[in-house]
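Structures follow.
First chain A sits with chain B, and in the next complex the same chain sits with chain C.
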Partner chain A sequence: MAAVDSFQNGVLQCEIEPNGFDFSNCTRNCALARMGAAPPRLNSTGTTIVAVTYKDGVVMGADSRATAGNIIADKHCEKVHYITDSIYACGAGTAADLDQVTKMLSSSLRLLELNTGRKARVITALRIAKQHLFNYMGYIGAYLLIGGVDPTGPYLYDVSANGVTMARPFAAQGSGSYAAITVLEKDFKIGMTEEEASNLVQVALHAGMHGDNASGNSLNLVVITPEKTIFRGPIVPDFCNKPEPIESDYKFKTGSTTVLKKKEIKFDIVESMDMH
Partner chain B sequence: MDMMGEDMRKAIPALGFYPQQEISTGTTLIAMEYDGGVVIGTDSRTSAGSFISSRTTNKITPITDNLSVLRSGSAADTQAIADIVKYYIETYSLLENEPVTVYRSSQIFRQFLYQYRDSLSASVIIAGWDSKLGGQLYAIPIGGFTTRQRSTASGSGSTYVLGYLDKAWRPNLTKDECIEIVKTAVGLAVFRDGSSGGVCRIGVINEQGTTLTLYRPDKPGFPTVTLPEAHNTYATHVKNQ
Partner chain C sequence: MDGKYGGYHTNTLNPTCTGTSVIAVVYDEGVAVMSDTVVSYGKSARYKNVTRQYKVNDRVIVAFSGDHADFHTLQNIIERQVSKWAVVGQKLNPSALYAFLTSLMYQSRCKMNPFWNTLIIAGWEDNEDGGKPFLGHITQKGVAFEAKHTATGIASHLLTQVIEDETRDKTALNRAKAESILRRAVELAIYHDCLADNEFEIGVVGKTEKASVHTQKPIIGDWSIAETNCQYE
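Entry: the complex of A and B
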């Protein structure tokens, strides 16, 4: 009898899911790495994502390159994720984590909309994302820009993998964000029109795709207004199609160096072979 | 909550896991009691390594109308703790149908910050007003030790102004005098501390509630420091122009 019980317990033990992440593989992977077994690299998105609020809405955009180390793993990666009809999220960081987190967000917000009969708010999406990411202490590598319009107005939030959130008028994330943020800092104005905002997002994305090796290929945009959500893309910028012309000619013209002295040496060519 | 020590946050190269350091240890937080309330002041810089990830952060987080918390340390940890404590204080005040005192609020903060002291890097100042003790401020540094103070400073910028604050505080300060002291202290700290900067946010908490004001470096009112002219440092053989 006791043997049966312990057997049953063993079966049950397997079926009970542990809470949260199981970290046992981390130590195994570290041990493998020490033994010289190179682990497969995570498919991480070196990214430029940009978002800007304007008079009555939000414009968000992303490049479409996914990298695994130096290799472009995907040239048409979709980094603008659907959350609800009027809330979208741009993601930088680990591609798999971003897919999972944004799917989780969209399903829980849809459920909330059906239960309440109201449109979900951006702040709700933010809260769910923030608390989920904080629980996992940064191990879920999702860096998000959550933007959208709800009955209380347009909003844009920046969410980091470790659970930091900030409300912002404009934002950029990913490895190309340093280039993109300079453009935003220079040209962002409060109360822009839709056209101005989407132009600014495009120019900022161009800067990111230009200056960052891990960003490029094409860009996707989403414009969210109180009435409708418009998705534009993929747009391929000119500099992604053809190599840029070299602006200056680096060749020296003949005669640039003055000849100071000339000397002629006459010699015979002797054919030879080295024999070892 | 989490049960993992600081060492578990280190990078795990085998997994490709590199935790992003979004730590706002570079901070200046100032708070000072006056007759009838407290004045609080902060800078607005959030750093991730050498990058300023936000230059307009609000480190003053309102909990109730008469209570705010000033956050320093890990931004993620302090935001999460502030959210949880806000939820507790809202629940208590609904259950008991009266506002939670500033002292009790500080003890709720202490409970969390002490219990999870090994896994958090959070240091806060709790500033508020209640009808029992008037304006109060409590400092909780990283271990969870809680003390009430007349005036206090926290964060990397605090080292530059603690002496100034000790000298400046006196009994029966008026609100305006206190604002001026706190503003000057923020200005002095931001001037010397490389990891503090941005705008200056000043808050006043008293019986009437909380008022927040913003001072931008490109608008009048921002605290500035004027130094005497520096010695020129040419080598002795260089002709002075």
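Entry: the complex of A and C
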């Protein structure tokens, strides 16, 4: 009897404590919204992130703008996240989720390195990320480009929030990815040099930062080779310092509307609220 | 919305048969417009060899993206305008057609019955200084602007920056360079636009060229990177 009870208790426990996110606050949130209380805006990284593999390694780059709705929340947001000395992840999506997921990946891989005595592999980072994100069915808004060099070679992978992964020679993610991916499709070649790859990443980031409102301010680069990892940034492109001249003419020219009558009213200033 | 016919919708709510992006570039003596020749029914590439550019007269070409049926109606309306102008012995010029279509699109949108199209008006504008190229872009909501290069639909996100890199701060393009930019744009568009096709047309109108639309050789593109993703991860 006792054994059945404890088993039943175990089953009941599962029903009471489900895994994954607890959505029980949703009813409360709906009620609050109906009363007029607006929920806090998610800090999104509305981003351009780009990564390119070349002959020996990987170059990865990202812009540095974090947006909260239409406001720039952080001008110098760090979107190139350290995983290990030779593995980095660029992240687009919800800023908090990205920070936590990449920290989790970094610590998991470090523990694995200590336990196995071997350098962690890029594919391991991918597997851990993929299995974690799929578990949360896309509610953890992390869109990552995981790239690096391990004893078996240079790799670049693309992970989405719902757990889809793909190995790629070049990739772009985020709201600025439309502009960036076209630049990559245009100029990517297999077997580029480090300098060519680095330039390509920068041009692709410029396209994203220029064309997308939610990307900009400055860019960060990391170049990962078998021997070393070089972090470059923040680099501020010219058009982020000084806006380019506008080509279109939007204004109505003076004289477009005929003035029929003019009346001048003179008044004296009795009291001024001007503060100098 | 209740229409006159008792409960039936008489206002455009969704597009049915649609054309995807149109890309256009101004060069020193004219304008070149690229559009592919497929009209999609949702995600199905249902109608092939359909032209999405309409030659109004020697000086103006109108290209569309969006609903095909709405564009047919617009073609009829434009034809009526051409006749009205012909009655007083005038040929419709690009800026006049652009202004007319802007008002038309905006008015329809205000009546909550829009023409579900984005229009590109390309032409050669005659003036006292010998004329200049004209390129106008009108959206479904009636937002209208002129530009030196423009794209509609997904191509506006994908290709604007790349085309801008080729044209900004550089010496004025000639027709051959403009067409080669458009051919490159087609290749880049088919990589990332599901509804785009590699069979396309380029319409040209300019100082010495009367408006004409030419079928182009299809572009295959480079798909060699497909071989790099043979991994199970």
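Keep this in mind: the second predicted complex is superposed on the first by the 225 of 276 C-alpha atoms of A that agree within 3 Å, B and C clash if a C-alpha of one lies under 4 Å from a C-alpha of the other, contacts with A are read in each partner's own complex, and residues count from 1 in each chain.
In the analysis below, contacts are C-beta pairs under 8 Å (C-beta built on N, C-alpha and C of every residue); 3 or more make two chains touch, one makes a residue touch a chain.
For clarity, every value in this text was computed on a predicted model and none was experimentally measured.
Of the two partner chains placed by the overlay, neither chain B nor chain C lies in contact with A:205. Within the superposed three-chain model, A:222 lies out of touch with both chain B and chain C [touch as defined at top].
Contacts of A:80 after superposition: neither chain B nor chain C is touched.
In the superposition on chain A, contact of A:145 is made with neither chain B nor chain C. Residue contacts after overlaying the shared chain place A:137 against chain B, while chain C stays out of touching range.
Using the contact criterion defined above for the overlaid structures, shared-chain residue A:160 touches chain B, although it does not reach chain C.
When the two complexes are laid over each other on chain A, chain A has residues 130, 165-166, 168, 178 in contact with both chain B and chain C. In the complex of the two chains, the chain A residues touching chain C come out as 123, 126-127, 130, 157, 165-170, 178-179, 181-183, 185-186, 188, 190, 203, 207-208, 210-211, 244, 247-248, 250. By the touch criterion given at the top, residues 145-148, 154, 157-162, 164-165, 168, 184, 188, 191-192, 224-225, 228-229, 231, 233 of chain C touch chain A in their complex.
On the side of chain B, the complex with chain A involves touching residues 1-2, 4, 8-9, 12-17, 19-20, 22, 46, 51, 54, 57, 74-76, 79-80.
Within the complex formed with chain B, the residues of chain A that make contact are 26, 29-30, 32-33, 39, 41-42, 44, 94, 130-131, 134-135, 137-139, 141, 143, 160-166, 168, 178.
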